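Next come two complexes built around chain A: one with chain B, the other with chain C.
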Partner chain A sequence: MFWRRFKRDRNAVAGLVIITLIVLMAVFAPVLAPFDINAQDLAHRREAPSKAHPFGTDIFGRDILGRIVYGARTTLLAGVLCVLVGGVVGSALGLVAGYYEGWVSAAIMRAMDVLLAFPYFLLAILIVAVLGPGLVNAVIAVSVTNVPNYARVVRSSAMVVKRHEMIEAARAMGASDARIIFDHVLPNVLAPIIVLSTVGVASAVISTAALGFLGLGAQPPTAEWGLMLSEGRSYITASPHITFFPGLFIVLLVLGFNLLGDGLRDILDPRLK
Partner chain B sequence: MKKGLGKYVLIRLVGAVPLLLVVAVIVFVLLQYAPGDPAELMLGMDATPENVAQMRVKMGLDKPLHVQLLRFLAGLLRGDLGTSWQSGRPVAEEIGRTLPVTAYVSFVAIVISSVVGVLVGVLSAVRQYSLVDNIVRVVVLAGVSMPVFWLGLMLIVVFSGFLGVLPSSGWGTPKHLVLPAVTLATYPLAMITRLTRSSMLEVIRQDYVRTARAKGLSMRAVIVHHALQNAFIPVVTVIGIQFGVLLAGAVLTESVFAIPGIGRLTVAAVFARDYPVIRASVVLTAAIFVLINLLVDISYTYLDPRIRYDN
Partner chain C sequence: MTEQLLEVVDLVKHFPLPRNQRVHAVDGITFNIAAGETLGMVGESGCGKTTAGRAIVRLIEPDRGRLIYRGQDITHLAGAELLSMRRRMQIIFQDPYSSLDPRKSAGQLIAEPLLIHRWGTRGRIRERVRELLEQVGLTPDMVSKYPHELDGGRCQRIGIARALALGPEFIVCDEPVSALDVSIQAQILNLMKDLQERLSLTYLFISHNLAVVKHISDRVVVMYLGVVVETAPTEALFEDPLHPYTQALLSAIPIPAVGERRSRIILSGDVPTPVNPGPGCRFHKRCWLASPVCGEAAPKMVDAGGGHLVACFRVSEGAVIQ
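Let's turn to the complex of A and B:
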């Protein structure tokens, strides 16, 4: 049923294909780029695309295609981690807030309001300012900014689910709160979580790349797409390829997750917009 | 003004004060956990312990933490934002210099994206599944998937590099405004177009639209007088939210085009560990964010007569 509807959605399929290709690229990076991607070759700096270097070389003479291939690992991992951490924490808070009304719910949601009062990217910058620049800290920062979104959506779904008769039945049979939450509420709020996570990877990829671009995320010589494109900034008009190609791959990856997310939303949860 | 609206606004404004105070406390406490001594950082490698001690007194860092916090909060409530550690100038002055720049670019960007987005969204909805509609949907998807900093750099490549018609960075002349405004407008434009389209599609199918058509009104009249007004309600929310996001997220565009806005001020302060500037700009941006949300809620009452605040 799910697959039949999925296959009919051309956008979702296109998104899945793009993501799969980039995942394959990340997995087989050592095969696709069987050389040291950090090896500098100062004699061949900022060379335009050629047969030897299809995407050209960067400011240190490193092969850009090879670095993009390896960069897929960094970027994918960072994007998925942000969503995993933010999604698990946010969903857990949302489940608890939705299941127990009263002061627990109020306390959690007030805390989420405070987080939401911070403009999204500014909060990420602030957290990195405290933890110090670096890829891991950038992932933590973006994860934290993601938490309230999941908490809100999951809470409102959980509040609907818990009024369902099956919950009453489970309680009548003596199931504990924890058991009801995990066995009955969680499976019924999974659809919005999945939709939110898919689109969430897209925005997490952009945010971690943006922090990398500002010098607050991944640090040299890491091959991370946001950092790579920022390295070409000083030569933007003379050697645009240094900036163009890493950015193009960010667009592709983000596009893939947006397409897939839109498709999943139509299939799984038509009420969400 | 609508009945009860004044009271509602007052309640919301009063409610925003504790929220922003909590934000201020969080910012303050978080920065305390940042590694390193700001006084040592300010003085550099070869400062003597005496120099550092003097500097700590000057920066107010010798006081107990709760005293520092209370001073900061009391200052905020009085409108005193403190002094920048780096420049030695009042933070209010630094923000007064940079915030108008960010507000100006963001405003131009949101006007562009609202006008174009609503027009294109309506057109796309009215001609659903036409060639125009399909092109619009692809462009919208590309628009939301593009990192704003990459788009800005690519515009520089084309318009400053190849064509040489617009400056790549700097601030001051109308020409300097074009690329940043277009860059900044892209994401909200895509969001507004997408929402106007879907909202319009929903409204077109309503009974009152069919009734209006049935009594002989032209499609144009129905769209302008009946459909648009109702389709506009969710669009206003998005415009408001996007404007807030622009103000806070302009840091990337400002960095790309070297625009002296509040975003760049904040990032520079992060690198320099200039706590007074970081605190003030974060709290102030959050305040603007909250205020814009309030304005959006108020605008509902004018657009949707069903929404009232008098009970």
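Let's turn to the complex of A and C:
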């Protein structure tokens, strides 16, 4: 049922293909780039794409293709981690807020409103400024900015599910609150969580890359697409390939997750069934 | 049939509204259910019968009143005591599609109460599920089916199997057949009757369908706007309704015979709201027999003889005032 509908959605399939290719690239990085990607070759700095270096070399003469291939690991991992941490924490808060109305819900949602009151990228910069720059802190920062989105969406879905008779049925059986939340409410609010997460990876990738670009995320010599973009920006007119390729892959990855996310939204929306 | 299973004493449930108003959903109802009987509960939409049913199985906390189950006050049970009470008291819901989790298979749905109450090992639970499926007339291959793959009747059978899983003695049936096709209603009703005999169950059968209630009940409670207006053995109620509201209600049943005519009592006026009702009989504004006293005080329940209780000023102890 799900797969039949999925296969008919060409955009979602295209998105899945792009993501799969980038994931495979990250998994098989050592095979695709069997050399030290951090090795500098100052004699061959800023070389245009050639047979030896298909994507050219960067300002330290490092192979850009190799760094893109390894950078897929960092970028994907950071994006997925942000969504995982933000999604789990946000969904849990949303479930609790949606299931228990009253002051618990009010307290959680007001806290979320505070987070949402800041432009989210400013909030991420603020958190990194407090924690100090670095990839791990960038992931934490982006995760935190993700939390309110999940909390809001999950809360409203949970409030709808909670009104169902099946919840009363579960209570009549003697089910505990925890059982009702995890066994009945959560599976029924999974669809919006999945959609939000898929689109969320795309925005998390952009955010971590942007933090990397600002020097607040991954630190040199880590291969990370946002950081690579930033390293090449002084030479953007003289050697555009240094910024072009990391930028291209960021766009591809974001596009892939957005296409997949939009497709899943259509497929999982019960109103369209 | 004389042993009382459940006594409902002056049960009250009000729902607050903005501006200090209150919906008097259930406003002091009192009745008994004897072990092994089926007590029908009828009334129009919004008369509080569903609220009463939910309060009895402790899904809604009543504001006042007591529930006495086999001599034990269960109104305020909590924790482990409430949990063990839930084994003996179950509920069947109106809409099987919304009362069954769409993401669980029939087997998982029926096994859930067994898992919650740590009923036994996985193997024994699997066996019990098969036994329950058979008991409600479903085939063993239904175990892996999901609610959306089954029709309403089969889903309701799953709901019944789930209610029976822990071997309860009392089941509140909240309009269990009104969401079903007419052709399936009879099957489900017969199944319920059959199960009652085999498992010596007691039912509180809530419905707005008088024909269904007449078919299945031993006694009937008639509710109107949160209060009980009449209680009687089924036959006595349908033969000789004493409360004007019951009379009007019964006159609305279509007669399945050509040429037969009956004077239909058409009530005038709107259904009064249960929001902050005034003093007096709840029915007096629409009652064609009302006298001034009806608007001043609420009539008490009196026994008109033979267990036929009615709350109307026209009826005094043992006699109807003409």
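Methods note: the second predicted complex is superposed on the first by the 269 of 273 C-alpha atoms of A that agree within 3 Å, B and C clash if a C-alpha of one lies under 4 Å from a C-alpha of the other, contacts with A are read in each partner's own complex, and residues count from 1 in each chain.
Methods note: contacts are C-beta pairs under 8 Å (C-beta built on N, C-alpha and C of every residue); 3 or more make two chains touch, one makes a residue touch a chain.
Predicted model, so just to flag it, every value in this text is computed and none were measured.
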Request  = Considering only the touch criterion stated at the top, classify A:P187 as touching first (chain B), second (chain C), both, or neither.
outcome  = second
Ask   = Touch check for A:M166: first (chain B), second (chain C), both, or neither?
value = second
Message = Quick one: is A:I250 in contact with chain B, with chain C, with both, or with neither? Answer first, second, both or neither.
response = first
Key: Winner by number of chain A residues touched, once chain B and chain C are compared   = B
Request  = Examine A:M228 and indicate which partner it touches, taking first as chain B and second as chain C; both and neither are also allowed.
outcome  = neither
Request  = Name the contact category of A:G174: first (chain B only), second (chain C only), both, or neither.
outcome  = second
Ask   = Looking at the overlay, does A:I242 come into contact with chain B only (first), chain C only (second), both, or neither?
value = neither
Key: First, second, both or neither for A:M109, with chain B first and chain C second   = neither
Request  = Over in the complex, which chain C residues touch chain A? Could you list them?
outcome  = 54, 57, 59, 82-83, 86-87, 90-91, 93-95, 98-103, 112-113, 116-117, 159, 162
Ask   = Quick one: in the complex, what on chain B touches chain A?
value = 19-20, 22-23, 26-27, 30-31, 33-35, 141-142, 144-150, 153-154, 156-157, 160-161, 168, 198, 244-245, 247-249, 251-252, 255, 266-267, 270-271, 278, 282, 285-286, 289-290
Remark   = As the complex stands, chain A meets chain B at residues 113-114, 117-122, 125-132, 202, 206, 209-210, 213-216, 226, 229-230, 233, 236-237, 240, 243-244, 247, 250-251, 254-255, 258-259, 273
Remark   = chain C partner, complex, touching residues on chain A are 164-166, 168-176, 179, 184, 187-188
